[in-house]
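Look at the two complexes coming up: chain A is in both, with chain B in one and chain C in the other.
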Partner chain A sequence: MTPAVTFQHVSRHFGSVRAVDGVDLTIAEGSFFAMLGPSGSGKTTCLRLISGFEKPTGGTIHIFGDDVSNTPPHLRNVNTVFQDYALFPHMNVRDNVAYGLMVKGVGRAARYGKADEMLALVKLDTYGDRKPSQLSGGQRQRVALARALVNEPRVLLLDEPLGALDLKLREAMQDELKTLQQRLGITFVFVTHDQGEALSMADNLAVFNEGKIAQIGTPEEVYAKPRTRFVADFVGSSNVLPPDITRSLGGPTAWSSLRPESLHLTAPGGALLSGPVTSLRYLGAGNRITIAAPGGAEIAAVIPAGQPVPETGQTIGLTFVPAALHVRGSA
Partner chain B sequence: MPSDNRAPLSLKIGAGLGLAFLHLPIVLIFLYAFTTEQRSYQFPPPGLTTKWFAVAWNRADIWPPMILSLQVAAISTALALVLGTLVSAAMARTKFFGREQISLLIILPIALPGVITGMSLRSAFALMDIPFSTLTIILGHATFCIVIVYNNAVARMRRLSGGIMEASADLGANAFQSFRYILLPNLGSALLAGGMLAFALSFDEVIVTTFTAGQQSTLPIWMLQELVRPRQRPVTNVVAIVVFMATIIPILFAYYVTRGGSDTAGGGK
Partner chain C sequence: MTAIPAVLPERGLADRLTGLFWRRPNVLLALAIAPPLIWLGVVYVGSLAALLLQSFYSIDEFSGVVVPEFTLKTYAELFRPQNFDIIWRTLLMSALVTLASAIIAFPIAYFAARYAKGRWKAVFYLGVMLPLWSSYLVKVYAWKLILAKEGIVTWVAEKLGAGFVIDAILAIPAIGGNSLSTSYIGTFIVFVYVWLPFMILPMQASLERVPTSMLEASADLGATRSQTFRTVILPLALPGVIAGSIFTFSLTMGDYIIPQIVGTSARFIGLAVYQQQGTAGNLPLAAAFAVVPIVIMLVYLALAKRAGAFDAL
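This part shows the complex of A and B:
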């Protein structure tokens, strides 16, 4: 099967800034692919390279086997849900959604029929006559989605589409996007800086750092087996352990990482890790504690709600099953 | 926020007198268009008549300047609309070295005294062997008309979400379609306002015109020449009313179409 999108050693440099630097990437057709990374890591530039708003300074980009490296945005069969939605303020919702068909020369009746269909898909069937300014943030987001889907793109690009929504709406939209993607069967490429969002929605994800892909894989792989210290820290804020501590915990002399939620409270005597509690943070679903372990390492652990919570300064022990320790070759 | 402190009576009277000083002379212009006395402006007018409107209509020497003024204002406004829109698009959409400096250079013609603009244009035209004609007047007027259109358009463009042009391209629109369906409708009222103000500004311009005109005169220049002649004085007032209307109506219209926004700029030259 031809992959939806492939990057072959793609770079995008702005002067001396290497926004995207030698990225190789394959996105399978019909998958939900997340690009995760902090701001400035190159993930949005990668998305704009797919949509065509940026041209690569090196390498080639294929969409369904066609080399699109020099194809302008309006000739690519991909559509984007923009971060700020970019709805047309002078048009009502129906005209916004029908725009992609209008510029293709589809007649009024046909394009309005299709637009209403799309609005029904995002549950906004009764909002066609409103102006974007009369909608809430969540509704605008849905209009942007309907507008991008009207051209039946084979790849839908989403640039931090949930960033402006409040937490509750964001979680509801995550479920809805995932359902929509499965129903339509088209490829979604989703840019986010929220690791929780990427982990819960994506089939595959790429973690970006400084213009390069630090790791690419399924959420389970990336979460459990971070390949670099950056990934370990950025995805799920793992404890990053230097070689001497890894060895003291029964591993080889190498860097390793340990998820805070795989650590359990135990008595200090004879525990793998022990030390005084230096900080305590209530998370709602549990408590996050940090202890100062021997050798100067700060180790974080998550204690589920309902379990006794130690006090700050109290010396406690932490234990884990050996399989939870993920050893890497390098830092 | 309204203040609880009310202004003292003396200040109110002062303000009233100030406003009266500014606007009463305009009322007098209207009044003297109807006076029966044609040699001097005496107050109160000895009698009132509407015959000067008919006299003005039938005076052959009014029509050429009138037509010239309309022509110059229309063409320089059209020129300014095209060039002003293009330059505002460049300024609002892209960043390049020296952008702020160029922005200042574009605004400069309206900040410079008209005498300077006029003199420099006159010497430039002479140097290039361009004969003083309707064309040179139009070019002179276009220099400041562009500023008005530019100021209005650039303010609107900055307010527009930059993403909408990208969204349009993303949805399959070519550059012309994006301009036609997205940019123009959002820019429309700003361009209309800018065009109206530019037209009004050009229609009553005297200084730059004096320097760039050949033998022909525009309506304001005709009025200036007419004022020193004692014959049929109220005719000048009738023409003044025409000039007044031709400038105030576009300005009010421009104000109306952009009300609510703060982007009508340059109405004050």
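This part shows the complex of A and C:
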């Protein structure tokens, strides 16, 4: 099966700034692929390289096997849901959704029929006559989605589409996007800086850092076995342990990582890790505590709600099952 | 421990006034807009109403005295051939000047809005505004010299062996003439030159408000550049184009100096108003002439509104 998108050593430099630097990437057809990273890490530039709004300064990009180096955006059967939605303010919702068909010369009746179908898909069938300014943020987001899907793209690109929504709406949209993607079978490429969003929605994800891919894999792999210190820190804020502490915990002399939720409270005597509690933060679903372990390491742990919470300054012990300690080759 | 007061004491008039404005926000608003309202309402609209009133009077043809009685006679005079010609000529010239300004201004405004950054933006503003800082009369006379038979345009054309092009242009009936500076073409060129900044600036402001992502969305959905221009850029920039065209259109309609200096010395509305209220002493007819551009602008705005020019506002 031809992959939906492949990057072969793709770079995009802006003067001396290496926004994307030698990225190799394969996105399987029909998958939900997330590009995760902090702002300025190159993930949005990668998305724009697929849509054609940026041209690579090096390397080649293939979309379903076709080299798109010389293909302008309007000839790529790839559509984008923009971060600011970019709805046309002078058109009503139906004309916005039908726009892609209009510019392709589809007749009025046919394109409005298809547009209404798409609006029904995003549950906005009664909103066709409104102007975008009369809609809420969540509704605009759905219109942008319907507009991007009307052309039946081979790949749908989503640039932080949920960034402007409040938490409750965001969670609902996450479920909806996932369901929609499975129903339509279109390849979704999703850019986000929210690691929770990437982990919960993606089949595969790439973690970007400074223009390069730090790690690529399934959410489980990336979360449980971060390959670099950056990934460990960025995806779920892992405890990153230097080699001497790894060895003291029964591992080899190498960098390792430990997830805060894999640590459990125990008595200080004889515990693998022990030290005074330096900070305590209430999370709603539990408490996050930090202890100062011997050797200067700060270790974070999450205690589920209902368990007794230690006080700041109190010395406690932490334990974990050996499999939770993930040892890496290098830092 | 000394207690720090939760409420600070008033220190003087400024504190008391600020307090008053906080309790009654409308007081500040009223103080701020009263002077301009008086200016606009009384001085500006008031004199306009007086003008309108004047146009419904007529002049006694023997004594030359204004008869202050309501009549439509003066308006009927506008439709006499020699007067109607003036209106028609002015309208046509204003429309052509506006169209040409819009066509020339668009690329400049688009460049300034989309691509000019930092220093280049300053260069743009300076370039557009600089001509406005020098005297209008100096510029018009300079153009008269530039376009004259012995002027630089004809001279360069002849040196390049392209003198026949100018001759061919001047040979066009109705708009041609003896030289560029004594033809309608000359008047047109100078009008476009003088009013162009008034088209560029509002156009640039409206283009600046079109986000790049909207142009990208259009291309992303399959639109060619010309489709994006027609269906996205132009509708969104239209309020700016209309604003600019109001300037160029009404400024051309009201101007009475340029056609006197450069051109065929055929009369335009501005000159007609000038002569009617001055030499001829026919104030009602001058007023009626002055009402024409107002009516034309109102019709133009109504048409633009109906065409949806302000939907994107």
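Criterion: the second predicted complex is superposed on the first by the 331 of 331 C-alpha atoms of A that agree within 3 Å, B and C clash if a C-alpha of one lies under 4 Å from a C-alpha of the other, contacts with A are read in each partner's own complex, and residues count from 1 in each chain.
Criterion: contacts are C-beta pairs under 8 Å (C-beta built on N, C-alpha and C of every residue); 3 or more make two chains touch, one makes a residue touch a chain.
Here the structure is a predicted model, which means the values were calculated and not measured.
Trainee: Clash or fit: chain B and chain C on chain A?
Mentor: clash
Trainee: Scan A:15 for contacts with chain B and chain C and give back first, second, both or neither.
Mentor: neither
Trainee: Quick one: classify A:306 as touching chain B (first), chain C (second), both or neither.
Mentor: neither
Trainee: Tell me which partner A:72 touches in the superposition: chain B (first), chain C (second), both or neither.
Mentor: In the superposition, A:72 contacts both chain B and chain C.
Trainee: Just chain B (first), just chain C (second), both, or neither: which does A:284 touch?
Mentor: After superposing on A, A:284 lies clear of both chain B and chain C.
Trainee: Give one of first, second, both or neither to describe whether A:147 is in contact with chain B, with chain C, with both, or with none.
Mentor: Touch partners of A:147: chain B and chain C.
Trainee: Give one of first, second, both or neither to describe whether A:51 is in contact with chain B, with chain C, with both, or with none.
Mentor: both
Trainee: Which residues of chain A are in contact with chain B in one complex and with chain C in the other?
Mentor: Comparing the two interfaces on chain A, one with chain B and one with chain C, the shared residues are 51, 53, 72-75, 79-80, 82-84, 86-90, 99-100, 102-104, 147-148, 151.
Trainee: List the residues on chain C that touch chain A in their complex, please.
Mentor: Residues 211, 213-214, 216-224, 227, 231-232, 235-236, 308, 311-312 of chain C touch chain A in their complex.
Trainee: Write out the stretch or stretches of chain B touching chain A in their complex.
Mentor: 160-161, 163-164, 166-174, 177, 181-182, 185-186
Trainee: Could you pull out which chain A residues touch chain B in their complex?
Mentor: 51, 53, 72-75, 79-80, 82-90, 99-100, 102-104, 147-148, 150-151
Trainee: Hey, which residues of chain A end up touching chain C in the complex?
Mentor: Touching chain C: residues 51-53, 72-75, 78-80, 82-84, 86-90, 99-100, 102-104, 147-148, 151 of chain A.
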